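Worksheet: the structure to be examined is printed underneath.
Residue numbering begins at 1 within each chain, and the chains themselves are lettered A, B, C, D, E and F in the order written.
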Amino acid sequence: MRNDQREVNNLRPIKMTTNYISHPEGSVLIEMGNTKVICNASIEDRVPPFMRGQGKGWITAEYSMLPRATAQRNIRESSKGKVSGRTMEIQRLIGRALRSVVNLNKIGERTIWVDCDVIQADGGTRTASITGAYVAVVLALGKLLEKKSISKMPVTDYLAAISVGVLPGGTEILDLNYEEDFKALVDMNIVMTGAGEFVEIQGTGEEATFSHNQLQNMLKLANEGIQQIIETQKEMIGELANRIGETNPV
Amino acid sequence: MRNDQREVNNLRPIKMTTNYISHPEGSVLIEMGNTKVICNASIEDRVPPFMRGQGKGWITAEYSMLPRATAQRNIRESSKGKVSGRTMEIQRLIGRALRSVVNLNKIGERTIWVDCDVIQADGGTRTASITGAYVAVVLALGKLLEKKSISKMPVTDYLAAISVGVLPGGTEILDLNYEEDFKALVDMNIVMTGAGEFVEIQGTGEEATFSHNQLQNMLKLANEGIQQIIETQKEMIGELANRIGETNPV
Amino acid sequence: MRNDQREVNNLRPIKMTTNYISHPEGSVLIEMGNTKVICNASIEDRVPPFMRGQGKGWITAEYSMLPRATAQRNIRESSKGKVSGRTMEIQRLIGRALRSVVNLNKIGERTIWVDCDVIQADGGTRTASITGAYVAVVLALGKLLEKKSISKMPVTDYLAAISVGVLPGGTEILDLNYEEDFKALVDMNIVMTGAGEFVEIQGTGEEATFSHNQLQNMLKLANEGIQQIIETQKEMIGELANRIGETNPV
Amino acid sequence: MRNDQREVNNLRPIKMTTNYISHPEGSVLIEMGNTKVICNASIEDRVPPFMRGQGKGWITAEYSMLPRATAQRNIRESSKGKVSGRTMEIQRLIGRALRSVVNLNKIGERTIWVDCDVIQADGGTRTASITGAYVAVVLALGKLLEKKSISKMPVTDYLAAISVGVLPGGTEILDLNYEEDFKALVDMNIVMTGAGEFVEIQGTGEEATFSHNQLQNMLKLANEGIQQIIETQKEMIGELANRIGETNPV
Amino acid sequence: MRNDQREVNNLRPIKMTTNYISHPEGSVLIEMGNTKVICNASIEDRVPPFMRGQGKGWITAEYSMLPRATAQRNIRESSKGKVSGRTMEIQRLIGRALRSVVNLNKIGERTIWVDCDVIQADGGTRTASITGAYVAVVLALGKLLEKKSISKMPVTDYLAAISVGVLPGGTEILDLNYEEDFKALVDMNIVMTGAGEFVEIQGTGEEATFSHNQLQNMLKLANEGIQQIIETQKEMIGELANRIGETNPV
Amino acid sequence: MRNDQREVNNLRPIKMTTNYISHPEGSVLIEMGNTKVICNASIEDRVPPFMRGQGKGWITAEYSMLPRATAQRNIRESSKGKVSGRTMEIQRLIGRALRSVVNLNKIGERTIWVDCDVIQADGGTRTASITGAYVAVVLALGKLLEKKSISKMPVTDYLAAISVGVLPGGTEILDLNYEEDFKALVDMNIVMTGAGEFVEIQGTGEEATFSHNQLQNMLKLANEGIQQIIETQKEMIGELANRIGETNPV
């Protein structure tokens, strides 16, 4: 039925390679089908000027695509001299999502820089970025635990994201690839925690609208998909899995 | 209970002044409580290069705040030399929402430029912008009908937006003012049509999360609020109200 | 004789609405005929780095037009990523003019930010900005007097501005509207004080020149117009009028 | 009396070297005392897009200072990535002034680019730029006459500029050097034609004001100075002097 | 002797993974020790405006580093809004080098975009980029041969690059890693062809100088290193190796 | 044989005018044939933030061309809002070259700003800039010696630069003018010291390559040319010539 033979509620194969790049404190190459994103988490021992002296930390994210991550080559944003609206929306989303499951009061005056660089794109790059970045952040915080810079894991729960949508004809589907995303009437990105709470819901139907019933079906698909993804995250972080939730949310 | 004595499901007083500025084809000053936005719709007789020759039109939106629309003066984006991520998110949202209820195949090769300029801000500026811009666009299209440049009203349904949120303690509320927005745990913006369909749902809990049940309560509040706002829109567009829906959606 | 039936030495109807926007310390909507400008004065309790430690204050101005203040929509300067030469000239002029009647040694290490935002344009926007900004600044300084942050009104005299010009055929006229400005051979902006002294004279004849005699006629028209405008300013500032001139010029 | 022993109505020594740079169609090094400006006029055989097809030409000017033209080194505008308000004001002034004495209908669809680069500054750089640029433009148009690209000299009159001002104490002076400019209460730049008509008057008293009487004295000084400068211009353009005024103004 | 136990004339282990990214016409991940660069070659069926109508093609290169390719995180050039001088130098070098071995008259009016994105840096990123980009370009041109868009391989010879330098004490070494590069007195990058001809020599001693004799020793090391690298390139391009040199240089 | 009748190993006439501009601590107008560059050296009594507190100084260079230094007018980089890759390469080269012969530990926490502004271009502008800038820097440091701000001349040797190249046909030539540079197959810039050591070698053959033998011939030509140029430098710096080499290199 779907262009890659998946059932409506099937995720694409998911794979994460940890410590993919050697320099960052946390590094993950995440692959969701043909979408591949390098997620690096860097820890800097200071916070932006407006936060100094409060004893708490900050998480910020940047997102980019290699010019030829896509079928048509895109102009680099550094060449254009500015970051597009789409990029800004995505990096704000990634940062906001991660901050919802990290108790910033427990990481000291540190900034965690999250860099999500899409090296190959086939739909779902922002949700793969969140899912991979979560693991990179946990690994980076693991380094702080190891060095005893902090005493408790400040991550309060798991966090993953997935896209859902409605195809022409009205079928709701999970984890859209590029071709599906292109023709979908409705496109929704959902970020959820391990406890099944919502962190972000962003749904839009540019030349279409959607009903209350369709919304409920999409939320259900997303919930199931996210719980599966979190299982993979647990494997990737290994023993650190025992420490998630050691700290309460703010 | 609320800081301005409203019930949880009360909108702030809403007022729209049409033809507020004389030059634009459609112009509305919308006031939602103390939030005031000038919404101007301009019609240009051509489309962006990438759309030429397709016989269809385009709607695009820009959003800005006067530096002193807020309690603290903000630096102008023209002085900074770039548009912030927040501004880009909002103007993309406004444009997308309006395009969902205008059949672009029926307006010819024209661009409707929507300018939403916040002159005074007290929360809910993006939703007020959408609500006011809708009326400005209908008035501008009314001018095209009058001049017989088009023969049918290409607007397929009403469109309005409102914010909902969750206060600390867990109460869901409708139409947050600035102070409420500042302390809310969850902030959600909903755009809906006259038929009660969703156009956009954007919900976020930066340092909090929200449950399925809270989501349902917020959607219910939003739905009621939006239907009331649409009543005001109907009054503002006068006789043009009879022509909404004359054209089918794409 | 003139396109709006005015005599050569007639001003357009002038109207000022004080406290137009609620957040700024001083706020005025000035209307000169169909030209409408929101003038906000904001007080910040510090000065730019190069002035720190001198015990004196600063006044700076910014000027902008809504995209559809004009008959044709203009591109926003924030979208272009830079401020035009025309805008820079105007905001430098406004700041310079206001500084000539405020004793900056008497306002402490504070910056007065003046924002002039043209919401509807019909010629004379820069002179209306100066006239309205003067009132906004007086009102803002009135707030400092009220709070006893300063003990004397640091404004040394009134200040207003007007345009004069020469129509084809050679008639000198006062207060040009857009259509007159467009066809005028000479365009001159004059800023004067209540005492009748000049603060700025900027006259230009792009494809024309003007004689000594024409200059004298224009200066005379401007002088009369400005004294009338100052009468309106006096009414708008109410009791503060008694305190203008309490401080000597630098 | 003055810091360089000049009388109040004395110009500094003026010197122009024509054909200073070999590539431009017209090139002049102008020296007014210690102020030195390279003025180059380049002819391009097309006009900006908005003027095409009208059969007329355009003149535009750019102005810049070498970083060490001044006592303190200035940051290059190319390094800052933007042109300052002061630079924009000056280059708009130069272009406007030159256009007032060239009949643009008689130069065909050509653009004259005027570049004024200050290599050493000691006050009066904008007026020296106009005076030198006038000669460069005449020389460049002389080349077009020579090649018979045009048949009549399209320059309708001479054009020169000078500064005047008021020193503390109230003395009006002609042709201010940097030190005088720095302490002057009023600073005025005047552009006039050979016929003694005004082209531009820009007078400002930032922390001071000036009377009608002072204005008249300054205008008289300027008039005398400009007529002397024009004598030097006549010598520099040689035989082309016979052809000034061959064409009527627009 | 060297910090990684290599002899002075030893290369680091070199590895290339072809078809690393699926979208580009040619894609290579090149690893030189711990330096890893993704080199993508994209073919666009048009040339820049200034080259149109000449029947020949163009090759241009862009170079970037992921923020955390290095030990310290770097700010993205897209965030800074401009490309650094170092980046510009490198991308100009890569493009120039590749153009020296491709007969641009034989590729039609096409542009080959070469993107070199460093995902992990340990010295020698610009030379690894050239070496990897060469293979990516050959693979991309192989696609054009396959589709019969061109009939002959337009690559005239092999091309590879390497760094050489002088350590404190005066030893000349081949293929510097980051630590060596940091302490070297002289740093030289050499680009050569399969025939042993020079394409680029860029040698610099910022706080040191070097003698004629040291230069000769470095050139000899570079020559040997480059011939080894070319052996690896031959393996990577497989059967296309038979077609290198089918076309003459321009 | 050459287009200006020079022998292959002839320099163009070289002339330097010291103290050309009055404000800078060191100022030279250098002319190499028709290439003319104003080289100014400015001394600032502080270093960039990243160097503070180390007790050593810094040298940085900027390079620019007047728009009409060339046969075709170039757009100013300040108007374009960014500095080109070519400009960046050249200014990095100039700074690096000068730093190789100045012992930065001996100039205190000072920055020497070198500005090279090409007022007329005929090939070899970057090498003329280095040669002239060297003299400007020595003169500026002479001022520090005079004021006893430093006690020894921190310049360790002479420094000059020249271009060499290969014409079609294979002849190696010295000091290319614009026309020669345009048609040359290989273009190489060499910077050397008085002792005959290399500081920089930058050779490139964009659509050509060059042999080991050609390289040796070019290096020989450059060496002879540079030693001649240094003779002229010695004359220009007068008595300061006795003090070159007073300090050891770093």
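Keep in mind that, in the parts below, a contact is a pair of C-beta atoms (placed from the backbone, for glycine too) under 8 Å apart; a residue touches a chain by one contact, two chains touch by 3 or more.
Being a predicted model, the structure only gives us computed values, none of them experimental.
With centres computed as the average of Cα coordinates, no chain lies farther from chain C than E.
Chain copies chain D and chain E are related through a rotation whose angle, from the C-alpha fit, is 120° to the nearest 5.
Centre-to-centre separation between chain D and chain F, using Cα means, comes to 34 Å. Inter-chain spacing, taken between the CA centroids of chain C and chain D, is 29 Å.
With centres defined as mean CA coordinates, chain F is found 52 Å away from chain C.
In chain D, 81-83 are the positions where the chain touches two or more neighbouring chains simultaneously. In ring order, beginning at chain B and turning toward chain C, the chains are B, C, D, F, E, A. In the complex of the two chains, the chain D residues touching chain C come out as 82-86, 88-89, 91-92, 96, 99-100, 188, 193, 195-212, 215, 219, 249-250. Against chain F, the residues of chain D that register as touching in their complex are 21-24, 27, 34, 38, 40, 42, 44, 62, 64, 66-71, 73, 76-83, 87, 113, 115, 117, 119-120.
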